[in-house]
Structure formats: structure tokens, C-alpha cells
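Common to both upcoming complexes is subunit A, partnered first by subunit B, then by subunit C.
Here is the complex of A and B:
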């Protein structure tokens, strides 16, 4: 008989570890045509990191994301970065590119101030212009200003910066310290159907609501969450590396290491909590790994809700759930 | 042996050892590297191409078996007029992340929508079940195929746009 159940799990996850040095560096150059070039050592693995970094720079310089050319992961040209790990790119590399863009912008302001006849702190960068605060008609094109800085003043609008989350070492006596600079939070809810005659579990629907600070690119965050849930579903129900007694992996390929296909994916509903973290670039934190953290727990809670058994070894295969149901029968 | 076949509407031929798979033939003899080599045993679907109106894992088909037949690869979808509605929808929704599964996903989707542009969500999931994706959770891929289906089933879409 098919039994339905619903389970929930919550999580927090650290962003920007400080237990060891965790720096990112970046250079932003505003070109004389008003576009910008960003040099970053971080890697695009498909999650959209470079798009997000481009958006951060565009926002800081008042230009369009399409105006920003991101050069990444080339040791010939780009500064050092710890890379796309630990859900750190938006937060740590994002802070680095933001600071670099602000420095380049400051050079533009110093060039534009005398031309517009106002102090440097009375300027803002918006709509591809350097504009006097409160006087939108009083402005110069960012391309003109960049050209002026480079060719007339002799200070090209290039900013370089790095960001390293502030470290607080652990106190050896109290064990207190600050291991991470900020945290993200999420709740996921799973609706499952469990066949109590076979132990087979099917996840029908999942709702995931994540706080990642200000989502700089909500579509990409959704993509990360949906991908994280698919990995979580695999972790919960399918994926297991099996070893022979001599240590060889028994299932080293996709024929027998079973991961979710399109048919295993539940219907998903994703929500973002629009939050603001003052330490992140434009309030952003991160979204990578946390997306897969609560999924398996929510599914296992849903299995308990459906048939009353606690699965404490993953994956919750049909055999394991069936075994637990037999134990439950024996006990009662 | 000499293998002659139609690829993306063009007659092609190349010499290859008889054990050459269609995937290897496309990638290494015709230099069409859109179809990807993933598992090479038919599990992952990233090598999917369409042969005479059916989708195949090209890693499991010998090139010789495709001789004289009509093969469509991902390279055949976009032309000077623009990209295919499926590609457009994938781009619009951010359906791909690392993108390695993309060519296979899109060819499986094309094979489905060419026959049934009003395919249901379940039919889409079923058609993609041989294409593994590790990044996206399939969700935005499925949504894009639904959207492309709406475009391809509209009156404005030229029905001759399929090979």
C-alpha cells in the first residue's frame, strides 16, 4: 500500500571560512569606451559565478552587465583566487571585485570632479555616466572620463583589491573563536510516497526556501538550489559507493552507481528569502553547497511520517526501508 | 573502411577503422565535437544524436551502421537565421550549468518535440531519462522544453525547419 508522508529539515551553513587564509584578489579596469574588464582567478563551473561577478562590477560602476568582460582563471593574467570552492565565490571573490571596482571608480571620480566643478564625494556612477549627486543633467560619459584619466591625467582607471574574511583564531582554552564570517539558512520540505510492501520511496514534491543574502541573480540561485536538491535526492535514496573487501570500488561507473535521472526528480518549488548581509557584496552571501544540505534529512523525516521507520543509514534504498519495516512489525 | 552518410543535411564521407563508433566518427573524422564522449557505454546520453528521426547514443552505434543514413547533431540546429527554439529556451531560462549534458539533452528534446511538440511534462521527463545531468536538477531543462514545445507547435513556426 502506498503511504504518504511529509518531512521537513532546516540547516545553516557557513560562508567565507576564516580558519585559514581565504583570500581572493581582483583587478577591474574601466576601458576608454566605457566598458570594464575584470581579472579574477576564480573558475566558472557552470554555476554562473562569472555572471554574478560581472553584475557586481556593473552595479558598482553604473554600467550594464553586458559591458563587463570577465577574464578568469588564467595564471598569465589573473590574480590569485582560492577558487570556486566552499560556496565562497559570490561572497569572497565578490567582495574583492567590488572593492577593485570601487577603487577604479574613485579614480574616475577624481578625474571627473574638476571637470564637473564639484568635490569628488559629490559624484556617483550611474547609467554609463559620472553624475553630480542631485543634478542628473550635470554629467560626463564614463568613457570620456576614463579617457581623460588615462590620456590627460595619466592615471588609468584601474583598481586592484583583495578580500580575506577577517580571522578570529580559536581560543585554545575556551574553544571560542569565529570560524566563519557569515552564515546562510534554509528549510526544505519533502512530500514522499512509500510503498510499505516493497520499501520503495518516491519523492513527489519538494519545497525549498533559502536565505543567501541578497540574491544577485535569482535565476542562477534557483538553478543552484534545483541542482542541489537533485544531488540531495540521490544522497537520500540512490547514491552509494560500494567497496569490495580488498578495497576496490564495486560500482565505479554510471551503470551501477545510480544517480537521479529526470524521472527521479520531484516537482520543485523554490523560494528565496530576500535578506541583506552587510558584510557581503550588495548584501549577498552564497548558495552553492547549502542547497544539498537539508534534502536527505527532509526526505528521511517524510519516510518516518509515512511509515514510522527511522532510516539512519543512507541511501534509504527500498531494501533498507523494507528491512526497517520488517523490524518494526517484529517489535509490535 | 569508407563510411558515407548525410550529416546535418550535407553528404559526408571519411575513412575509418571498422570498429569506429558513430560518436568517434563524428568527433574525430568529421571534427563535429558537439556530441560529447561521456561514459562511452550508453549510460549518460551526452553523445545523443538523431539518426533517421530516432535518437541514439552515438557511442553505441558503429559508424558503419549509420552509412547512407541521415544524421542530425547539435551542430545542425542553429543556422544563419538563428538558434533552434529549444536552444533559445535553454538560454533564456539558464537551463544548463556546466553544459556537458547540453548537446545530448537538446537532441533528445528535439527528437521528442519533432514528433510531439505538445508533449506533457511526464513525456518530457521520460524522453530525457537517458540523459544524465549533475548540475541542474533537470528542472529548468524540462521547463525550457515545455516552452520550446509551445513555440514549435504554434502556427508561426515553419514546419520545414526540421531535417
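Here is the complex of A and C:
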């Protein structure tokens, strides 16, 4: 008989390396036509990091994402970066590209101030213009200003900066310290169906509400969450590397190592909490790893709710759930 | 909207209506394009509104790389070819734990189509690792798991290289392997890396007084949770190309996710200055933590130096499973003290990490796993003790979450056990104990920008948690 159940799990997750310095550096150059080039040593691993970094620079310079070209991942041309790891790119590399863009913008302001007849601190970059604060009719195109800085004054608009999240070492005896600068939070809730004759579990629906600070690109955050849940479903129900007695892996292939396919994916409802972290670029934190964290716990809590067996060893394969159901029968 | 924006929007509309895949080929170009190949690359470039807005943050901006992936224009390493490039394969160990007595590559070298072989003894600094450099690039004295490479071959094709591997004769003296994490933690276990213990990383977190609190609280819950080994399974396996030039400088294209530290590691293994290495991180077909340390880059670099040719290697799915890193299995003992009203007052946690054959990213995994293990709850008394031990199994390293999915499985499963015993709603017990702004973490960090209760409430609302209550 098919039994229905529901279960929730929440979590917290840090951004960046544990205690260890993990800086990122970046360079931003505003071209004379008002477009910009970013140099970053991080690597695009499919998560859309370069798009996010471009959006951060565009926002700082008051130009569009498409006006920014991001060059990445070449030790001959790009500045150092500790890489696409530890959910750190939006936060750490993001803070670095933001500072670099602000430095480039400052050069534009210094060039535009005398032309507009106002002090440098009375300017802002918006809508592809350098504009007088509170008096938008007085402005110059960012292209004109950039051209002026480079070809008339001789100070091209280039900014370089780095960022490292501040931490405090953990005491070796007690572990007390500040290992990370910030954390993100999330809750996932699963709806499952369990066949109490076979032990088979099907995840029907998952609701996931995550905090990532400001979502620089909500579409990419949602993509991360959906991908994380698929990984979480595999961890919860299917995936396991098995070993023979001689230490050989038994299933090192995709025929016998069972991963979720699109057919195993539940219906997903993804939401983002409204939050702003003042230490992140435009309030952003990160979203990579945490999306896969609470899924297995939520599913196993739903299995318990459905059939009353507490799975304490992952994965909750049909065999394992069936075995637990048999134990439960014996006990009652 | 300025003129430029208007023009771009116009371009957008044109592009979207253009039929890109059926663009007729100009007659004058037709001799350049094979007529039996229906693929023509687009000549229109759509502009998306999401990328054109000058308020950039918060836009659902499309990815420039996404379109290239869709069109098949992205160049992964498997697509990159250089003139005179040859291919490498790595021979893996026949034993989980053994001494290497000898390696004879002469028959492989004599094979037509084979350019060079490489063994660990030829690698200037034959060790690597992000915290402990305990892993050989190619094992030369001892193999500690079945995924250890023992020799490499560079040949005219992957097939020839693969065949040449079967001609390499390795003599082993098998040792008694150790697979069980609990056994490895024991006092009498054989020491996989020598020394007086198999424990190679540990962490303690201590806050308040758990024992006193257990004695005073209303209920104590004790459970053991265990998790399994899983693979990252990126669509694109590990891949790299190395090309040593006439100035003694080596260029490496790699699927590595951290090139700055990767170049340092490669410079160390090759014993050459960092300035002599160009490392390019190519477009990666999935990482998930598995591509965060060097693998075969130094091997390819040395084979390229030996042969004077660019050398490429792409892992098979089998290589990916057995020789790349995987997720640490955890054995977790949770003991939690709770008051009748559901307030958590103490949590004592013991974690044993199956560290596999080498350290890799265990330091980070044990750190994050321990710090996060009490859960996002205000618990005044905490004691966490975690140990990572060597076993003769696949190397466990960085994987999406660094221990967090394992400990979350434990702390959140136990939250439901507690809620049921106390007759509380799972949402209620979580909200009662959840972190909020200003909460003190297990390491006594004052937390800011905490949005846990908001996520619990919003998720419950969207799910219809209260309505669906049985």
C-alpha cells in the first residue's frame, strides 16, 4: 500500500574557507566607450559565476550586464583567486570585483567632477551616465567621461582590488573562534510516497526556501537550488559506492551506480528569503553548496511520517526501508 | 531609454524571429561547408532584456556561456586539439594496499605508437595535497588504494595508450588492507601511513558543560547515524592538456576549479618556478567539489617534456569513480538533552570520518562538519569531537557541502525524533530553538543576517504545512 508522508529539515552553511585566508583579487577596466572588462582568476564551473560577477560590476558602474565582459581563469592574465570552492565566488570574488569597480569608478568621478563643476563626492554612476547627485539633468555619458580620463587627462579608468573574509582562529582546545564571516540558512520540505510492501520511496514534491542574502541573479540561484536538490535526492535514496572484499569498487559506472534522473525528480517549488548581508556585494552571500544540504534529512523525516521507520543509515534504498519495515513488524 | 538601448532592443526582436538553424548557406561559401552537415552557426546574436537593464543586480540575466553550450560552440578539453598532440593513460593499482617491488615499462615503450612512459620515481616532488602532502602523483613505493596510479603512457591514440598499459609489469607485495573506519580508529589497527595512529585530522568544539546539563535536563536522546560514499559524477570527467614549449615553459589547460593554488601545487611537484607555468581553467562540465585539486596535470606536463608534444588525458567514467575524490562517509553519535517544553540544552556529538587513503580536503570537511554539527540552534552546552582516519579505500575529499549534508541528516533526523517524543510539531520545535540575529554559534561567533526562521515560516507556508497536519 502507498503511504504518504511529509518531512522538513533546515540548515545553516558558511561562506568561504574555514579560518584560513582565502582571498580573491580582481581588475576592472572601463573602456572608452563605457563598456567594461573584468579580470578574475576564478573558474566558471557551470554555476553562472561569471554572469553574477558581471552583474555586480555593471551595477557598480551604472551600466548593463551585457556591457561587461568577464575574462577568467588564466594564470598568465588574471589575478589570483582561491577558486570556485566553498560557495565563495559571489561573496569573496564578488566583493573583490565590486571594490575594483569602485576604484575604476572613482577615476571616472575625478575626471567628471571638474567637467560638471561639482565635488567628486557629489556624483553617482547610473544608466550609463555620471550624474550629479540630486540633479539628474546634469550628467555626462560614461563613455565621454572614460574617454576624457584616458585620452585627455591620461588616467585610464582601471581599478584593482582584493578581498578576504575576516576570521578569527579557532582555539585548538575548545574550537571557539570566528571561522567564517557569514552564513546562509535554508529549509526544505518533502512530500513522499512510500510503498510499504516494497520499501520504495518516491519524492513527490519539495518546497525549498533559501537565504542567499541579495540574489544577484535569482534565476541562477533557483538553478543552483534545483540542482542541489537532485544531488540531495541521490544522497538520500540511491547513490552509494560499494566495495568488494579486496577493496575494488563494485559499481564504478553509471549502470550500477544509480543516480536520480529527471524521472526521479520531484515537483519543485523554490523560494528565496528576503535578506541583505551588509558584508556582501550588494548584500549577497552565496548559494552553491547549501542547496544540497537539507534534502536527505527532509526526505528521511517524510519516510518516518509515512511508514514509521527511522532511517539512520543512508541511502534509504527500497531494500533498507523494506528491512526497517520488517523489523518494525517483528517488534510490534 | 537611451538610443543605444532602443537599438539593442530592436536587435533583440530581429534575432529572436530569425531562423538560425536553417539559415541558407551563401553559394559562394558552399565549397567551405560540407553539404551533408545540417549545422550552420547563427549569424544573429539575440540580446536579452535581462542583460540590457542598467539596474543589473536582481536581473534574471541570461548566461553568455549558456547559449554557446546550447549551440555546441563551447570548447571543453575533449574538444580542444593541438597539432601533434598525443594521449595519455594511467595504470591503476591491482591492490588496495601493497608494496611496489618493481615497475617494468620496457615492453610498453617498445610498442609502436608509444612515445613515452612515466613512473613516480621520475616526478621531482612526488606528493601533493591541499593540507597534508601525503598523496603521490604516481605511487612509487606503496599503493594505498585501488585508484592509485602507478605508471602512465603517452601514445599516438587513447587506444594504443590503453593497450600499452597492459604491457607494464608491476610486481607488488600485498599488505593486509584496512577498510573499516571503526577498526582503523582502534588502537591495534595497522598504520596505513606509518606513525602511531591512523587518525590524521581531529577537531574539538567545547561550549558550556554538556555532562552537567545532561544530568539536569528532562530528556536525553541518543542515536547513531551513518552515511555512505558518493561520487560527484560531473558530466565532464577530469581532463587536461599539457604542452611544454621551447623556452621551458609549460602551458596546461585543465578542468581544475582553483587555478591559483593549482599552479602552486604543480610548480611544487615539477620543481619549477610558478612563472614557468601557465594554467588555464577551461569551461568545466560540473565540479561539485571534485575538481579542486590537481590530478594528472604534472604527469601530462612531464610526458610533454619527454616527448616534445602536447599531451592530453581525459578520465574515463571508471577513472572518475576510482581515482578522483568522493564524499566522506560519517559515523555520527548524537546525544541531545532537552527540556519538556522542547528547549535544547545540550548536545554531545562524536563523529568518525572515513578519510580514505589520503588526506585531500579532509581538514576542511572535518572543520565544517564539526562546526555545523549541532545544527542552527541555540544550544548553550555543546561538545563535539571528530576524527578522520585513513582506510585503504577511495580518497575522500571536497564535495558540495564539506560534511554539512552528513551532519544535517543527523541533527535534523534527531529533531523529529525529539519532536515526536515531546508531542510537538516539527516546525514548532525548530522555531523554538532556531538561530536569529545575535545568536551565538557553537564557536561563540555572534551571528548576523540570520534568516532561518523566515525560511522555516515561508517554506511551511508554501508547502501548506499547518493545513496538511495529520
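Rule of thumb we're sticking to: the second predicted complex is superposed on the first by the 328 of 332 C-alpha atoms of A that agree within 3 Å, B and C clash if a C-alpha of one lies under 4 Å from a C-alpha of the other, contacts with A are read in each partner's own complex, and residues count from 1 in each chain.
The criterion applied here is as follows: a residue touches a chain if its C-beta (ideal position, glycine included) is under 8 Å from a C-beta of that chain, and two chains touch if they have at least 3 such contacts.
Note that the structure is a prediction, hence the values are computed from the model and not measured.
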Checklist entry - More residues of subunit A are touched by which partner: subunit B or subunit C? => result C
Next on the checklist: Once chain A of both complexes is superposed, is A:219 in touch with subunit B (first), subunit C (second), both, or neither?
Outcome noted: both
Next on the checklist: Which partner chains sit in contact with A:64 here, subunit B, subunit C, both or neither? Use first/second/both/neither.
Outcome noted: second
Checklist entry - Who does A:197 touch here: subunit B (first), subunit C (second), both, or neither? => result neither
Item to check | Touching partner for A:85 - first (subunit B), second (subunit C), both, neither | outcome: second
Checklist entry - Where does A:263 make contact in the superposed view: on subunit B (first), on subunit C (second), on both, or on neither? => result first
Checklist entry - If you stack the two complexes on chain A, which partner ends up touching A:248: first (subunit B), second (subunit C), both, or neither? => result second
Next on the checklist: Looking at A:188 after the superposition, I want to know if it touches subunit B, subunit C, both of them or none. Which is it: first, second, both, neither?
Outcome noted: second
Checklist entry - In the superposed arrangement, which partner chain does A:228 touch: subunit B (first), subunit C (second), both, or neither? => result both
Next on the checklist: Quick check for you: in the superposed arrangement, does A:45 touch first (subunit B), second (subunit C), both or neither?
Outcome noted: both
Checklist outcome for this item: Residue overlap on subunit A between the subunit B interface and the subunit C interface 45-46, 48, 219-220, 228, 231, 253-254, 259
Checklist entry - Where on subunit A is subunit B touching in the complex? => result 45-48, 219-220, 222-223, 226-231, 253-255, 259-263, 265, 268
Checklist entry - What residues of subunit A sit close enough to touch subunit C in their complex? => result 6-14, 17-19, 41, 43-46, 48, 50-51, 54-56, 58-59, 62-66, 72-76, 80-86, 126-128, 170, 172-180, 182-189, 191, 207-211, 213-220, 228, 231-232, 234-235, 239-241, 243, 246-249, 252-254, 257, 259, 269, 271, 273-279, 282, 285, 288-290, 292-298, 300-301, 304-305, 310-315
Next on the checklist: For the complex, give me every residue of subunit C touching subunit A.
Outcome noted: 2, 4, 8, 47-48, 50-66, 95-97, 145-146, 177, 179, 203-207, 223-231, 233, 256-263, 274, 277-289, 291-292, 317-318, 321-322, 326-327, 363-364, 367-368, 370-372, 375-376, 384, 392-394, 398, 400-402, 404-405, 408-409, 411-413, 415-417, 426-427, 430, 434-435, 441-445, 447-452, 454-456, 458-460, 462-463, 465, 468, 470
Checklist entry - Of all residues in subunit B, which touch subunit A in the complex? => result 39, 41, 43-44, 93-94, 96-99, 124-126, 128-142
